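Multiple structures are listed underneath, in structure tokens.
In the two complexes below, subunit A is the common chain; its partner is subunit B in one and subunit C in the other.
Let's turn to the complex of A and B:
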């Protein structure tokens, strides 16, 4: 039996998705009997030239984590698309933009200014900013072009499957890889390693119809670990988020941040959460409603923490 | 005759069938003049207007969105319009963060007998958005995408 050729790639992301693969532990060694890892720059020594030298469609399945934030990410995404039979968007960044897509609330200029000029630990009297090209005496030096707007993998190349999660939880990663090894593949575009129901279905906390008169942040209250966080006034993205993670954050007394992305047939996760949240507001008058709304300090960062790039608006106007 | 080159805003109106849509009907049957810039969509209740619809309208080329329902206390479904109000205040805060001007998305109460009020709302909304200029969300995003 020929082994399936598998690749893992890391674009604009924190590297947590790579750790999610390592979370398989010794299972990874068993997998080694069934799969052949042909490209995995984070763990093994590979260069882009190795990838370029491969014939097209040489890789059976590529797990691509990370958003597309610069020209290098885009180049590798296109390269891997050409070299792979199946391309999987692995993790929240590849699926929805993830944390890097929160950069879409700022422009490239503002990000550069903040990073290379305004941070208290930076001294930059000559106003030096990264340039994609630099003429040195030895020749032209280049670095990747930083994009103004972060894109998802699907907005860049054709994607076959999606595995959401920041990162996808260990047991689900195992199942997803098993699916590919077994060869019994779902239809193209399917979301793997997640459930079709909202996170609330998996959450063990007790839910009633209680409404809230005040929103609080996690550090401002002592929560009841048995009761629904929304009913305690803590914003929890559970109602608008796909399940599959077994509510691990809730078990650790933290609210869901929405990393598993929108539910099936939902166009915009943030809009759905906005709706769900306002439905627990215990307020009838404009003033009372306003007080509750003031409790949502950063609506975009709350409702689109992991999915701004795939949302309807995609970015803020700058 | 010279063709007008002034900007004509495209406004999507979500009108509740019991009050606002009937009010808009009254504006029509009473032959009240108001700008043709609004594209009314009849919905059963203003509480049925999912924020997704508003964002989708804006992202797909609308320059503004009007949501109009029964006055508080008059809702055919008891409190659908109060639910809209809760949602709308939060949406307003988020739209502000996205950089969308307040005048572009409005929530108004129009009863079935307020044809005149409906016409004046469409009047002022059209003029305000005309001053703001086109939203052109998609093309603006694409221009700054790279």
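Let's turn to the complex of A and C:
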């Protein structure tokens, strides 16, 4: 049996997805019998030129983590698409934009100004800003161009499968890789390594259908570790988020922030969460409703924490 | 991690880019180290509820999310003017110690280990974790994986998740631990202490008894005189979780000692047009470019820097290793960049011992782990020692606790100037008359790797090779060589 050729790549992300792969531990060593890792910048020395030199569709499957935030991310995404039979968006950033896509609430110009001029420790009297091409006395220096809008992988190239999570939890990563090794592939576009039901289905907390009169923020109260957080007035993204993570944040007595992304057949995770919220609101008058709505102090950062790039909104106007 | 927006270095994408320019004689005219990524955290966190910052900023870095999570949480304490109960502080530090154990272990065996254990001139094919396992035995490889994984178990018990923990709140942590959990952490910690001792033994056998390596450690090519920064406790001993920031000059004399909240009086950041990462420097000394010495504001914040600014370690086994290191190298501060690896192992010992100490503290199972804030939020600075240096989170909010301003000085960023200098220095020492051998690459990279730069958390992955592009140009600016790390 020939070994499957596998590639891993990260683009704009924190690297946590690579750590999630490491979490396979000794299993990763066993996998080496079944797969050949042919490209993994984090771990092996292959350059872009090696990739370019490969025939098209030479790689069986590429796991791509990270959003597309600069010209290099885009270049590598296109290159890997051409060289791979299957391309998998791995982790929240590749699937939905992830935390980096919160940059879509600001413009490139504002981000540069903040980083290189306004932050209090920055001393930049000459208004120097990084340039994608700079003529140094000794020669030309280049860095990738920073984009104004963060995109998902699918908004950049055709994607075959999606593995959500920030990062995907260890046991799920193992199963996903097994799926590809086994060759029994689901239909194109499938979401792997996650449940088809909401996180609430795997959350062990007690639910009573209690209605909420007021939203509270995590720091304002001590959360009862046994009861549904939403019923305690804490915004928990569980009802609008795919399960599969085993509700680890809930076990830590913290709410779900939605990293496993929208449920099947849901176009917009935030819209779904709004409807879930309205079903637990105990509001009779317009004032009641206003009070509840005022409790959502940051709708974008709450409802689209990990998925702004794939939401209907995608980005805000500057 | 960069401050900022830049992603802190962290992920700077796992790429570092180095361009080396040669002059007419074929010697190094200049070498540029570039960081090719920016993500914009300082700006896009504006408007977010500040209590979410530990969750959001942990995504600056997937290798050291605990550092950002805990620094952010401490910033929240300050911003809400709330003092967490003792058990909460201890749980945070316990998780943090476990994190240092995992991180330093990974770095030594997977990243730095190949150079130390196989030797800097070993064939490329052997200079990786698999080579290491081949030399020291497969059971060691399994042991590394187990001890790293166990430390992550301890992190998950306290913080919920193995990657990107979720437990920090202003005034405490989200949940207490019970006796069963405590005793599991104690069991892990005991084993980590033994593993740290074992690791130091390997280092002693294979490095300290290897003349070639010791010559490299003490060679001028890898020595850079700079200021040093690190956090110390009330007795000037190394502390990762809390204390005052202490800076010493290149002669080891105390230059400053201050609470983290005063960081702006001491640190400023310089911008260059050819890289996305800024260069922090000592404000009162000033930016003099990429040069070392007493008149340049360049400082380092690394495991070696922490040992250089401190008077010792707070636990007995680590203290013994500390004494041994300075006695062997014969001076303090130690300027050799490569000694950073040794310092990292002294810290590994301390982290494991501290983890064990805290796991045995009866207070850690106290159910009281939250103080609910009662004051209006305004501004706060949180600081910890990340494995790669001092990490500062600084937030300002409106009266509803929505973020107005963020400033981040991220661990590796502190060392940006020094990393650039070390690379150039190594290149100058190795490239003569246009003679560029493949061996140059690894030797140049060794200067880089000692910092464990989180540009590439990649460095933390099997088999431990960091993608690094080195381009070498001749006097006509034609590309002579394009080397990649093996």
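Going forward, the second predicted complex is superposed on the first by the 315 of 318 C-alpha atoms of A that agree within 3 Å, B and C clash if a C-alpha of one lies under 4 Å from a C-alpha of the other, contacts with A are read in each partner's own complex, and residues count from 1 in each chain.
In this text, contacts are C-beta pairs under 8 Å (C-beta built on N, C-alpha and C of every residue); 3 or more make two chains touch, one makes a residue touch a chain.
This is a predicted model, so every value here is computed, not measured.
Q: For A:315, using the defined touch cut-off, is the partner it touches subunit B, subunit C, both, or neither? Pick first, second, both or neither.
A: first
Q: Contact-wise, after the overlay, does A:18 reach subunit B, subunit C, both or neither (first, second, both, neither)?
A: The second partner, subunit C, only.
Q: Just checking: does A:293 make contact with subunit B only, subunit C only, both, or neither of them? Give me first, second, both or neither.
A: After superposition on chain A, A:293 lies in contact with subunit B alone.
Q: Have a look at where A:105 lands relative to subunit B and subunit C in the superposition and call it first, second, both or neither.
A: Both partners.
Q: Quick one: classify A:277 as touching subunit B (first), subunit C (second), both or neither.
A: In the superposed model, A:277 contacts subunit B only, not subunit C.
Q: Output check: A:128 vs subunit B and subunit C. Expected answer is one of first, second, both, neither. What do you get?
A: second
Q: A:79 contacts which: subunit B (first), subunit C (second), both, neither?
A: neither
Q: Who contacts more of subunit A, subunit B or subunit C?
A: C
Q: Jot down the residues of subunit A that show up as touching in both complexes, subunit B in one and subunit C in the other.
A: Shared contact residues on subunit A: 105, 298, 300.
Q: If we count contacts the way the header does, which residues on subunit A are in touch with subunit C in the complex?
A: 10-23, 25-26, 28, 40-45, 47, 69-70, 72, 98-100, 102-103, 105-106, 110-111, 114-116, 119-124, 128-131, 134, 136-141, 143-144, 146, 166-167, 169-170, 217-223, 225, 248-249, 251-254, 257, 297-298, 300-302, 305
Q: If you look only at subunit B, which of its residues touch subunit A in the complex?
A: Result: residues 50-52, 54-56, 58-59, 82-83, 85-87, 89-91, 93-94, 97-100, 137, 140-141, 144-146 of subunit B touch subunit A.
Q: Spell out the part of subunit A that touches subunit B in their complex, as residue ranges.
A: The contact residues of subunit A facing subunit B are 105, 107, 147-149, 151, 266-268, 270-272, 274-275, 277-279, 281, 283-284, 286, 289-290, 292-293, 296, 298-300, 303, 311-318.
Q: In their complex, what parts of subunit C are in touch with subunit A?
A: 3-7, 10-11, 13-15, 17, 19, 21, 29-30, 32, 34-40, 42-49, 51-52, 55-56, 58-63, 65, 76, 80, 142, 145, 149, 152, 156, 159-167, 169-171, 174-175, 263-264, 267-276, 278, 280, 283, 287, 370, 372-373, 394, 400-402, 405-407, 409, 456-458, 460-467, 469, 473, 477, 482, 484-486
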